[in-house]
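For reference, the structure is listed below as structure tokens.
Labels run A, B, C and D following the written order; every chain starts at residue 1.
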Amino acid sequence: MATSSDTEICGFIGLGLMGLGMANNLLNKRKHHLIIWNRDTSKSVDLAAEFPGRVTVASTPKEVVATAQVTFSMLSTLEASTAVFEGPEGMLAGVGPTTSIVDCATLTPERMAEMAALVEGKGGIFLEAPVSGSKAPAEQGTLIFMCAGNKVLYERVSEDLDAMGKAKYFLGTVGAASRMKIVVNMTMGGMLACFAEGLGLAKAADLPLGDLLAILDGGACSCPMFQLKGPKMLQRKYDTAFPLKHAQKDMRFAVELGDKLAQPLPVAAAANEVYKRARRHGHDDHDFSAVAEACMPPQVVKGEASNDKAVNGKSERP
Amino acid sequence: MATSSDTEICGFIGLGLMGLGMANNLLNKRKHHLIIWNRDTSKSVDLAAEFPGRVTVASTPKEVVATAQVTFSMLSTLEASTAVFEGPEGMLAGVGPTTSIVDCATLTPERMAEMAALVEGKGGIFLEAPVSGSKAPAEQGTLIFMCAGNKVLYERVSEDLDAMGKAKYFLGTVGAASRMKIVVNMTMGGMLACFAEGLGLAKAADLPLGDLLAILDGGACSCPMFQLKGPKMLQRKYDTAFPLKHAQKDMRFAVELGDKLAQPLPVAAAANEVYKRARRHGHDDHDFSAVAEACMPPQVVKGEASNDKAVNGKSERP
Amino acid sequence: MATSSDTEICGFIGLGLMGLGMANNLLNKRKHHLIIWNRDTSKSVDLAAEFPGRVTVASTPKEVVATAQVTFSMLSTLEASTAVFEGPEGMLAGVGPTTSIVDCATLTPERMAEMAALVEGKGGIFLEAPVSGSKAPAEQGTLIFMCAGNKVLYERVSEDLDAMGKAKYFLGTVGAASRMKIVVNMTMGGMLACFAEGLGLAKAADLPLGDLLAILDGGACSCPMFQLKGPKMLQRKYDTAFPLKHAQKDMRFAVELGDKLAQPLPVAAAANEVYKRARRHGHDDHDFSAVAEACMPPQVVKGEASNDKAVNGKSERP
Amino acid sequence: MATSSDTEICGFIGLGLMGLGMANNLLNKRKHHLIIWNRDTSKSVDLAAEFPGRVTVASTPKEVVATAQVTFSMLSTLEASTAVFEGPEGMLAGVGPTTSIVDCATLTPERMAEMAALVEGKGGIFLEAPVSGSKAPAEQGTLIFMCAGNKVLYERVSEDLDAMGKAKYFLGTVGAASRMKIVVNMTMGGMLACFAEGLGLAKAADLPLGDLLAILDGGACSCPMFQLKGPKMLQRKYDTAFPLKHAQKDMRFAVELGDKLAQPLPVAAAANEVYKRARRHGHDDHDFSAVAEACMPPQVVKGEASNDKAVNGKSERP
């Protein structure tokens, strides 16, 4: 099996919350020369300055694709992805018979299939590779890649994926990876909504919320997400690892996927509406743990944060 | 602080899935003599045979309470608890000025307050102490005790609780512990319903379910519950650690607690209906992970289990 | 079949929103002498003054039941009903071998069965007879009676029921009528929540709400409830025909009945949570159409009512 | 105001459940010559035969638009509409500076705006005009038109709309009418799901379903939809006036519109999942009242229809 040579030129498009960490790992763990593009050029320039002689800043997405042997793209929304993919200076315009594209965004399965067809229509090959994990795993190289599409390309970039992630899965034809990602994020989003409702009910019942976190963490529900976000949620601090508007978008994708498959998802559908309520309260760009704001009794949400007391429950351990 | 003497006579009522493990831990880790009662006498006799000279089998709950310095009770439902508590030979009939009762069942806050008032009306003292954890933690002595009521009694039994559990919390006046337990089980029940819907959507989308489990386990949602139950759910094996009918009862209690507090719980309410659907499909006495049966596409539920293939997804780790 | 004689003494307990209209109809359409009791005595005295020589004000519920040949009771909640039914001066204390009680309240099936058993235990007979219809139908004598229990009593009071209502149904053993009433109110409460969500979505989409009412009224959804309440909801006027807290109670009863029957009710459960949200916003004692307050976009709910414009849509009819 | 001349040539595209009735009304009540197109040509030929000399069968949608002064189109889905609108022989290909198009389909607001822009880009004018009402109102000329877009065109076709409907509303810029239609159908779909859950709960509680229909019809919830569909639902006869898959599509559109507006719709979202469940049970092409199949206890759904007894409840009216 041919794997990517360490001296190849690798493209990277999209240096946001996720992409920057991923590009850094490629540069640190692999020997690639990177050609990069980002909407906000200052991020590209900064990265080039950090890795002198190893990074070229392209002026268009087209240039990246036309130059690189393999191009990774990591864009945060369907709209951003479409804007960068299409148009005279977009990625597609740079596609030729030797092009390989690995798209790591969370899009719909339909859009992935459409992009794959367009790339293949010009002779290129395409791998869909959305990831599980947010900002910190992207920086730490512990993402999980869900891949589908061209199996040869999957094998060729396997060392690159290993540089950016801790696991990877090949799931079949294009669309399967996006569907898997939707399932994963639906489960995660639903879980966090359940947790937020638990906090809300405990607060309404005047129970010590800090004890609730400890009790949950001592049992079968203990998970990194609750450990990380729980204490911040009690303080109502929602610094953004995964924006709530994107979490809600993924819940919506899940409900729509259920639509296409005639698969009822009553819990996910209810959670989706709770995320919408949080969006309505102005939390679009906060972390998705701000879903708690849609679940707290009104005195908490409207009044001043007085959860310090609550955090400070009494617990004793043997 | 006075703690319980190691030579005291301790009562234990209810030797079911949970109670038997708890009583064993009391016998193994403490030096108490136990006086016990169980509806099915054979279990009591077996336990007495295992610990010769240390266990007395009482003929009525009343006898246990009248004899023991502290009585623990662990009954699985409101109906079972009421049947054992009331009546001429029930626990309450044995209560006097020196009686101490620690009730570990998951009941409503209202019922706990009522029982406490009845015990206190006859001069006794009462601690409500529902637990987080099912059969295995009961056996391993790793339960978590949520306590409320008489603080002196809480302190007096602290070494007993430590023998049966790994953590304990004192949460205030009677009712608070049951409310906390309801919140904990609501969160857990909601999470498992989200997980089950994720499995159902993945199945409907023809994705490899084994890979889904691995991807979830590699990320922020990784938790003992999914690790333990996930693989069994793929095999549709639901050996009972926590009966589904009790999980649904706790979801109902949560929705009712929300009623009393005018606290909306749309996700928990949706999950409650999914558990009801699983009950309707005949899973009352199966493990609550049988909620998956209410979330799977019909070909799976009705047809023969063909998940072996699904479990067997392709994954590679670096 | 023996029917009630026009000269008999008839008891009536509970002269609230519903009971007063019902008692008036009994007095106006029938020739009964009434012996009445109400918690607030002034209402009893007023009614006695309106019908000189035909109404006796009793000093206790017990006195009513002990004196009357048939006693109707119409109390608004389980708590009110229990308070009036039990105790040394309660209804039950007055029950003897010739007593007939017709209970028109909306209670749980379990409570109705319990009351019937208590009455029958003292030799009396019992008919459960909850009604469909709120204040106006009570006044106009156009209620619908759902009856269950003693069939002979049903036949005996048939002319009385006809004086107060426009239709009556005999549904079987005690409990059946309360269950039917729960189903009816669940359907009604769910419908109004759907309607409120429609208004909320139209408002969020900046559509003329008055036109929406007209369009709905022109089609298959046209119903007295939307006609009556729709225009008031646009003005955010919620004068109470049926208190929201009672509507939510009935949704809760429905969800609980579903629990007992393992019958999933996902839409009713979601609607129940919306009514809870309205309660949380302080609408317990407003009409249940105040559920709209839980469905409107925040600028509407928080800001000043600016729906006048919206009501004033443009429509033309041929 | 210029109104359409009675002798003008009017186009009509789409002769399905709805379109055929509408075209008949145009022919019967107006003096237009019609040029028509339908995917299944036999329907066009039949209509032409019924109105000799007044109907021309076009060979393509393009021909209709290029010939007619005003073209009405009534297609059942986004897919059907797109197929007929685009392509070398599609409607758009026939648009010129004198073209007027009135689109009566239920599409998304976004698609309507897109079509309007395409028509206007070629110099034509566009009115979006989705309808409330299904097969029977289409035949009887009692539809309700929700219109938006070109106001001059709205006025010009006002007599045509009056021939096909009993009311019409002009709601603003293109998209507003589709949004209103979505709100109307969401309300209707939610109501029917509530009704179906009521039937399901009554059935599970062993109550006479025929009495339930009568009780609902005697009260504030009485509406043509329940009157028409209720008795058929008890018989499990779902002859299609409005296909369930389209009803579910409209629920989905509503949930998506809520997404765009950050407007939570928990009841509609729950109802959407119930319609999905009905689709999963194979009712895509049945009437949307087949939602009852997703709400009935399993013995009813799986076994043979034994509702005759249920219909036959005992009722007496004064």
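Please note the rule applied: a contact is a pair of C-beta atoms (placed from the backbone, for glycine too) under 8 Å apart; a residue touches a chain by one contact, two chains touch by 3 or more.
Since the structure is predicted, the reported quantities are computational estimates derived from the model, not experimental observations.
Just one of B-D, A-C or A-B has an interface built like that of C-D, with over half of its contact pairs in common by residue number: A-B. Here A-B and A-D were compared by C-beta pairs in contact; the pair with more is A-B.
Centroid to centroid, with C-alpha atoms defining each point, subunit A and subunit C lie 52 Å apart. The geometric centre of subunit A is 39 Å away from that of subunit D, both derived from CA atoms.
Separation between the centroids of subunit A and subunit B, computed from CA atoms only, is 36 Å. Of all residues in subunit A, those that touch two or more other chains are 258, 262-263, 265-266, 269-270, 273-274, 280, 297. The part of subunit D that touches subunit A in the complex is made up of residues 248, 252, 255-256, 258-259, 262-266, 269-270, 272-274, 276-277, 279-280, 284. Contact residues of subunit C toward subunit D in the complex are 132-134, 137, 144, 146, 158, 161-162, 165-171, 176, 179-180, 182-184, 186-188, 190-191, 193-195, 197-198, 200-202, 204-208, 211-212, 214-216, 218-225, 228, 254, 257-258, 261-263, 265-271, 273-274, 297, 313-318.
On subunit A, the positions that touch subunit C within their shared complex are 266, 270, 280-281, 297-298.
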